[in-house]
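Naming follows writing order (A, B, C and D), and every chain is counted from residue 1.
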Amino acid sequence: MTNLAGLYPPIPTPFDADERIDFTKLEANLQYWTSQPLDGVVMPGSNSEAAFLSQSERIEVWEHTAPVLKAAGKRFIAGTGAETTAETIHLTTLAAEMGAVATLVLPPYFYKASLTHDALVAHYRAVADASPIPVLLYNVPAFTGVDFALATFLALADHPQIVGVKDSSSNVVKMVEVLAERPDFQVFAGTGSALLPFLSVGAVGGIMALANVAAAPLRALMNAYQDGDIATARRIQHAVSGLNSAITARFGVSGLKYAMDQIGIYGGPTRRPLLPLGAPARAEIDRLLAHVQAAT
Amino acid sequence: MTNLAGLYPPIPTPFDADERIDFTKLEANLQYWTSQPLDGVVMPGSNSEAAFLSQSERIEVWEHTAPVLKAAGKRFIAGTGAETTAETIHLTTLAAEMGAVATLVLPPYFYKASLTHDALVAHYRAVADASPIPVLLYNVPAFTGVDFALATFLALADHPQIVGVKDSSSNVVKMVEVLAERPDFQVFAGTGSALLPFLSVGAVGGIMALANVAAAPLRALMNAYQDGDIATARRIQHAVSGLNSAITARFGVSGLKYAMDQIGIYGGPTRRPLLPLGAPARAEIDRLLAHVQAAT
Amino acid sequence: MTNLAGLYPPIPTPFDADERIDFTKLEANLQYWTSQPLDGVVMPGSNSEAAFLSQSERIEVWEHTAPVLKAAGKRFIAGTGAETTAETIHLTTLAAEMGAVATLVLPPYFYKASLTHDALVAHYRAVADASPIPVLLYNVPAFTGVDFALATFLALADHPQIVGVKDSSSNVVKMVEVLAERPDFQVFAGTGSALLPFLSVGAVGGIMALANVAAAPLRALMNAYQDGDIATARRIQHAVSGLNSAITARFGVSGLKYAMDQIGIYGGPTRRPLLPLGAPARAEIDRLLAHVQAAT
Amino acid sequence: MTNLAGLYPPIPTPFDADERIDFTKLEANLQYWTSQPLDGVVMPGSNSEAAFLSQSERIEVWEHTAPVLKAAGKRFIAGTGAETTAETIHLTTLAAEMGAVATLVLPPYFYKASLTHDALVAHYRAVADASPIPVLLYNVPAFTGVDFALATFLALADHPQIVGVKDSSSNVVKMVEVLAERPDFQVFAGTGSALLPFLSVGAVGGIMALANVAAAPLRALMNAYQDGDIATARRIQHAVSGLNSAITARFGVSGLKYAMDQIGIYGGPTRRPLLPLGAPARAEIDRLLAHVQAAT
């Protein structure tokens, strides 16, 4: 089974003032991320405004992302979830051809009431059957309104091509239950403040917005944990939690992009309907960035 | 202000066994619907598997739908909601060019936490500013996880080009509050079992899955209500409620398409991940169709 | 079957400045309510701060309420729901002895996950088996977190002693489905803004906070509806909706008590932890009371 | 500040076949628990069917519990939350007089919409001002529908008499944020499967149903963690997770009481409306008890 253990940011898509993708900025950002203690990137994820990209834009982004990562010896994990099974398979196959080593698959979510255990299992099995590369499930009920049940995780973990999950619900209880049954399932914390608790119960890494702007402290946390220095890991976990909340739950992608601008890479505007941050939110993020820098 | 009062089905998209759109079936179905006591159709809506259509498929469907409706003297209301403001404007402009008399605009919904009152108001105002045709809001929290607040409805109702709402949440209390402030706002019941209660507080019609397969009883209900024959209206409302539930909340689009097959038009399969109905669901729908026929 | 059709307020419990029940004020208020176009009262309901009363206080309130209502020829409906089946039976039996003509039974709600269809059906059947008086179900998920399923309503409607429901969820679609199966089930709107839509589908009345302070317009609405004057009914429904929202969803029992003080009966303070209203809320209620007076 | 760090079961209330409290069984159970590697007990908590006890029953239980714990040198933490501020203060004062070393205070929860940040803060401050003993907050949204916001936790942590929280929501992200701001706040995991992840971010122990029937492995987990043997801690955490789920989320208090019967102490029946377990649930718990025994 492919071992994907590590730390990955789902990277934002840079837009110019007219909301067009700025590929030059994307490549510059990739140069930054490949210089950081990261194992690769996920593209696109929720933080990439994936929901705002057309199919052709998604592919174009891959065309620009894949070679940079390959040259740097970093893993390219593609986000290939779509509302239909057929489109998800199509994107997955394409991503594999373009060099993705694995795929992170958001579930369909519009027809929530119809996305029963049976429907989700049939969908993901069809995708995994067709996928040339390992599949990671992606559970993010705050965006999708779909929350994988324990039984669904366990049924899907039976498939040899489904190797793990990014859980952004931070339901550490459910993850303990998954790992108790499937200790080899590759669980990734889906948000920065859940990294240490997830590691403590057997997670193998993190796929998280915070890794875009704080790769070094998150890597230090993981190293400390692996060295048995739980006190240091805890100290870092506390130090980054405020910033993590600001660039995810509190201020969303706009917050993350603002933080990127502040650390010297390109964040830029979001596409509408997302709104730019007001001054208080910006000041709050400035304060939290400084706090992370001082404390880690 | 354009008066859109009336009864409209959001029509399913017919797929063949390979999940491709079957335009011949679509046109045959349109011949049926234009022969029914309907004021037009909405295309695409949630029941059209709109979430499963690419942008080009949506446009192709309009190309086939618009002329048939025009020839029959029926209204074409286009579904043009998309995740970005820009794409929603693009689709709305296009639909107007193709003959749509109004547009039903699903809100963006992936980044729920960021879709505050301010973000929704800015989004819809931008769309309405750009729209050559009247805009109907579309509130369907069961699918989107976004539920318009009263204040959001009232702020948007101020815009001259935003003329009404299809409310599928069936929140009759909120609709009373909207209509108390804006008696001319054109409220449409979004599900068949809410038609009479919505009419009683000032709604002007219905945009509902049930109208695909039970236009005659729904029209009879509306006529009875307008004639002051509330007892007949109530009797019909009760008679259709079981079928309505079966083809929406209980069995979803698969249920609606099965019912279409049973009344002699083309339902056919859904796209995956939606699953076909099992035998018990089919038998239940058979029973409920017979009940409507017997009772109305 | 006992016909309970009509209009009832769940009456607030008057407290003095030390949070003790003021029975003199209660009796004065009852003199007011019995002079209004009401069919009786419910005591205690959610608006009575029922959750804040001890068992002995509840009984004491009944001792003061029952004789006043009897003397006035009005119905006394007792609120007897408790967390255990045994206590609910005990209170129900007692209320019947004290003259209650029916009981409104809030479900148990702390152990939500255990309150399955089977548990609710067993609970209510045991209560109804033991009850000397007809039982009304009480569905108010905003307070209890328990929302009766259609199947639960239908199973319970089979019991000869369970005669109806106060539905405060305003789920008019579910009520249509209940009434389609059980046209004789006595459905009561549970909030003032749902009265007309509920009547339109077969409800027999209302049990609502608004009836404490606006009995006359609500009665006028019911009369207009019964006379077939739906336009007048709708006009009144719109006129009262703002006030209804203010004294329920927006400002809660504190809002209701403030409105009572303004119309010349005793509202007084709530028990803590409920907080008194701030000045903007008070001004808003003043405005809405004036609006109802002007418009009805 | 009183250091309450440790492991505590919220102990079930034993009922006889007529649903009366069996104090002999209670004392026998207490003999068992005081012989286990526990730091004390909480009485009553959610698992004690606290919602089913009258005020006088609660006090009677304390009268039987306090002396046994005192004799054994174990801590007695009283559950004193009630719907009103006044009653909560009354119970807290009484519990302190009877020997409780701390109190675990469930919030009011019926009037959810009115239990704003301000109302919760005013309530808990009034309780803490009056309390002779340290106060632990109790966050259990699955039962109460009230979920403390981060800002509420932080505002309350300012009060010198509010020393910590039992968080049964298992929201490890929120707890990280609390602990980042207030490293001395005494956080307790509220369910057995969250123990290790909570410890990893700075929790000081657990207050959990599972401690009633699996004190030894939970203590071993805590010891292993404190010794830096995270692998052993993780192994135990996995081993107990299935049983934990069965006696809490899946089968509730009925499941916990059945498990108690199986390990040789008295579980007995619950009060109604809780239902006894069916055979499949019993077999599942048998299997999970055996698994814990074999694996730890």
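Definition applied: a contact is a pair of C-beta atoms (placed from the backbone, for glycine too) under 8 Å apart; a residue touches a chain by one contact, two chains touch by 3 or more.
Computed from a prediction, not measured in an experiment: that's the story for all the values here.
Taken over every residue number at the interface, the positions common to chain A and chain D amount to over half, indicating a same-residue contact.
Between chain A and chain D, the centres computed from C-alpha atoms are 35 Å apart.
Note on chain placement: the centre of chain A and the centre of chain C lie 49 Å apart, centres being C-alpha means.
Shared interface positions of chain B, i.e. residues touching 2 or more other chains, are not present.
The chain pairs satisfying the stated touch condition come to A-B, A-D, B-C, C-D. Across the complex, chain A is touched by residues 170-173, 176-177, 179-180, 183, 191, 193-194, 196-202, 228, 230, 233-234, 237-239, 241-242, 245 of chain D.
Every residue of chain A that touches chain B in the complex is listed here, in rising order: 19, 46, 51-52, 54-55, 83-86, 108, 110-116, 118-120, 122-123, 126, 142-145, 249, 252-254, 271-275.
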